[in-house]
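Letters are used for the chains, namely A, B, C and D, taken in the order the chains are written, and counting of residues starts over at 1 for each.
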Amino acid sequence: MEKIILLTGFEPFNQEKINPSWEAVRALQGWREGDFVVHARQLPCVFGSSARMLHQAIEELQPSVVIGVGQAGGRVDMSVERIAINIDDAPIADNKKRQIVDQPVVNDGPAAYFATLPIKAIVHAIREAGLPSSVSHTAGTYVCNHVFYSLMHQAHEWGTTMRAGFIHIPYLPQQAAAHPGAASMKLDDMIEGLRIAVRTTLAYDVDMREAGGVTH
Amino acid sequence: MEKIILLTGFEPFNQEKINPSWEAVRALQGWREGDFVVHARQLPCVFGSSARMLHQAIEELQPSVVIGVGQAGGRVDMSVERIAINIDDAPIADNKKRQIVDQPVVNDGPAAYFATLPIKAIVHAIREAGLPSSVSHTAGTYVCNHVFYSLMHQAHEWGTTMRAGFIHIPYLPQQAAAHPGAASMKLDDMIEGLRIAVRTTLAYDVDMREAGGVTH
Amino acid sequence: MEKIILLTGFEPFNQEKINPSWEAVRALQGWREGDFVVHARQLPCVFGSSARMLHQAIEELQPSVVIGVGQAGGRVDMSVERIAINIDDAPIADNKKRQIVDQPVVNDGPAAYFATLPIKAIVHAIREAGLPSSVSHTAGTYVCNHVFYSLMHQAHEWGTTMRAGFIHIPYLPQQAAAHPGAASMKLDDMIEGLRIAVRTTLAYDVDMREAGGVTH
Amino acid sequence: MEKIILLTGFEPFNQEKINPSWEAVRALQGWREGDFVVHARQLPCVFGSSARMLHQAIEELQPSVVIGVGQAGGRVDMSVERIAINIDDAPIADNKKRQIVDQPVVNDGPAAYFATLPIKAIVHAIREAGLPSSVSHTAGTYVCNHVFYSLMHQAHEWGTTMRAGFIHIPYLPQQAAAHPGAASMKLDDMIEGLRIAVRTTLAYDVDMREAGGVTH
């Protein structure tokens, strides 16, 4: 039976007109290779409803792998998140104009979950393909982390074998054109990076061990 | 009875001849105010033994509050760490020449612990005093995080009321003089920041709620 | 008669195997549009000989416009240089293993020359096309600035109407893959940015006036 | 006869309530050592009048050395400027609400002047003293560069032996407390750095030669 891979992206936020995460993810809608097929879903940039829509998509699709994707304006590469933390602490309001400060994503949930994707292998493979990538040790405390934590919590609660994680991507060049000093990546490269992330996830049951940490 | 506050700093590492964390912490050895007294201890920049020495100091001193302090070369301010994660992933060898990659700090420990210091109140108070400070969402994956996680794990395992956390500090000016492009802070300011952190911890049983998060 | 546009790129340096400036420039060799044609030349990353080869190319081709292009690893966009300064001060040796420190590019030359390209109009047009660009106020003190200054000096000495300037470009993605933390741009975007620079130069005899400065 | 050293600082700008350049400079008013005495003057953060006030001070005091000092919020160290350029291009309005874009500081003036301070020796000596410092290749295009260029132009026009230059300094800690992510230095260290700059200028008729350049 065909494995389902669920990729999620976000709607635009913070005055942007486009969100590279959704542009990259939707380009992979229906992508089939080997024994898997990709489903792409857009999530709102809203605390609460983003997580609920993700849960519904997971219930409906029963995916083997879920990779959330989000825009990280100012970052330079495809950064594969290592850990989701149980805190909402928004520096700006979400798309429903709510700015949640210092509340848990899930009441009584654990402090954090590690991604269950092979993050080192993904970074390694994206670099091998000639694209910049790195491990990130914080997904922030905004809607991206909210979705990431919700995703990992659901995976944990269900006790499934579903593997899951999150990848942050930079601005697109047309966004960076309006943000002097900010780095960017081409959409095609982001899409290629996500393809590699999916393939690598399926290829590695256990992550490779390769230094990717930081002193602080 | 006098409350014990334990502050820890590190020995120098990574070719530095000095570690601002120990310089700042040792300056507070014996500092008494109100009903507390500070004990300062130096930890080795070594996986394993740093945590063991910390545990022994805690057993011996039975502190009410423990604040680990570490050097974060390149950071610009006193960054109060929010979360300790259960991973050792060293980009450089420790002072015993060991480079641990992708191992848990504590086998079967939870993914992470939140600091139990009033981190927002500390940042707020340090800024009020005219010194730069911010909340940090990653303490890295090196010996600082190793000690921080070990500390929080011990606090949790013992089920004590001991409150604990970690603060990263920048280079000293004399270190930055050899690292063009790196920010620095004066030792006196670091010491003052730590004083504020101690006082604020004792003043706030519950943290203040104030935006301090990041989008990514 | 057809106008000649001369674009120069550099050979790789500093352990890189590729130099995006030459990759981008050579892709435009022979490009014709309207009444101009582009000639592309590669320069060595060597003090002295780079400038001599440029001078020979200018004598031979008698170009209307010369745009030097160079790699600026770590920059995030196509940065259009405003000013060339009369100093060689190399932080690393050139490709002939010479590290020149604090010598003028041209003895008794003026301290600096402004580019005679319409730099603001170029930045504006590249951004309009959805690519990141900015004005830069320093081209450094290495071989790029050496060539840029030599170019402007030659243009000045000859009293020609030849217009000239320099554009720095980031790493390619495959280079950034080996430089965690460094931004990158796709070759196609760099090429497109250079096309825009050429067209804009021919379209603007006088630069547009648009804020592009910095406080420091 | 006593040599006069003129140091200038600026009034606050851009919503700041304090300008570290004036705080540091005024602390040195009247400082005597060996055969020199320091005069400190505050300049407005205004195009035109800042330069006029500087000229008047120079006419009045006939200094042997003039060092302009300015705030560079976001920089990490005492950066000794190498070159002043003949352009006003303000990203923000000055304190008279005027935003000049793309006009020369001095009509028909040369493109730039190099500082005539021993910049490498100053950076070297400040570092030796355990404080961070570096050579900067751009003083921006705002009022600091405006004053710096005006100063060098005046020195050149008069054909005097007066030596002159400009030093940018970071935020003070109390300013950085309101600018998360920005570096800072203590006022005392800035003052000490300026003392070293003055002494070194008098000690070095010819600059030392030491690599201090950048690739871009």
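What we mean here is this: contacts are C-beta pairs under 8 Å (C-beta built on N, C-alpha and C of every residue); 3 or more make two chains touch, one makes a residue touch a chain.
These numbers were taken from a predicted model, which means no experiment stands behind them.
*Asks:* Let me have the rounded angstrom distance from the C-alpha centre of subunit B over to the C-alpha centre of subunit D, please.
*Replies:* 38
*Asks:* Measuring from the mean C-alpha position of subunit B to the mean C-alpha position of subunit C, what distance in angstrom results?
*Replies:* Computed value for the inter-centroid distance: 47 Å.
*Asks:* Report the inter-chain centroid distance for subunit C and subunit D in whole angstrom, where each centroid is the mean of the CA atoms.
*Replies:* A distance of 30 Å separates the two centres.
*Asks:* Taking chains as nodes and touches as edges, what kind of graph is this: line, ring, star, complete or other?
*Replies:* Shape = ring; chains linked end to end, path closes on itself.
*Asks:* Once the touch criterion is applied, which pairs of chains come out as touching?
*Replies:* Contact pairs between chains: A-B, A-C, B-D, C-D.
*Asks:* In the complex formed with subunit C, which residues of subunit A make contact?
*Replies:* 76-77, 126-134, 170, 173-174, 176-186, 188-189
*Asks:* Over in the complex, which subunit B residues touch subunit A? Could you list them?
*Replies:* Residues in contact with subunit A: 14, 70-75, 82-83, 85-92, 99, 101-102, 110-114, 120, 137-142, 144, 168, 207, 209-216.
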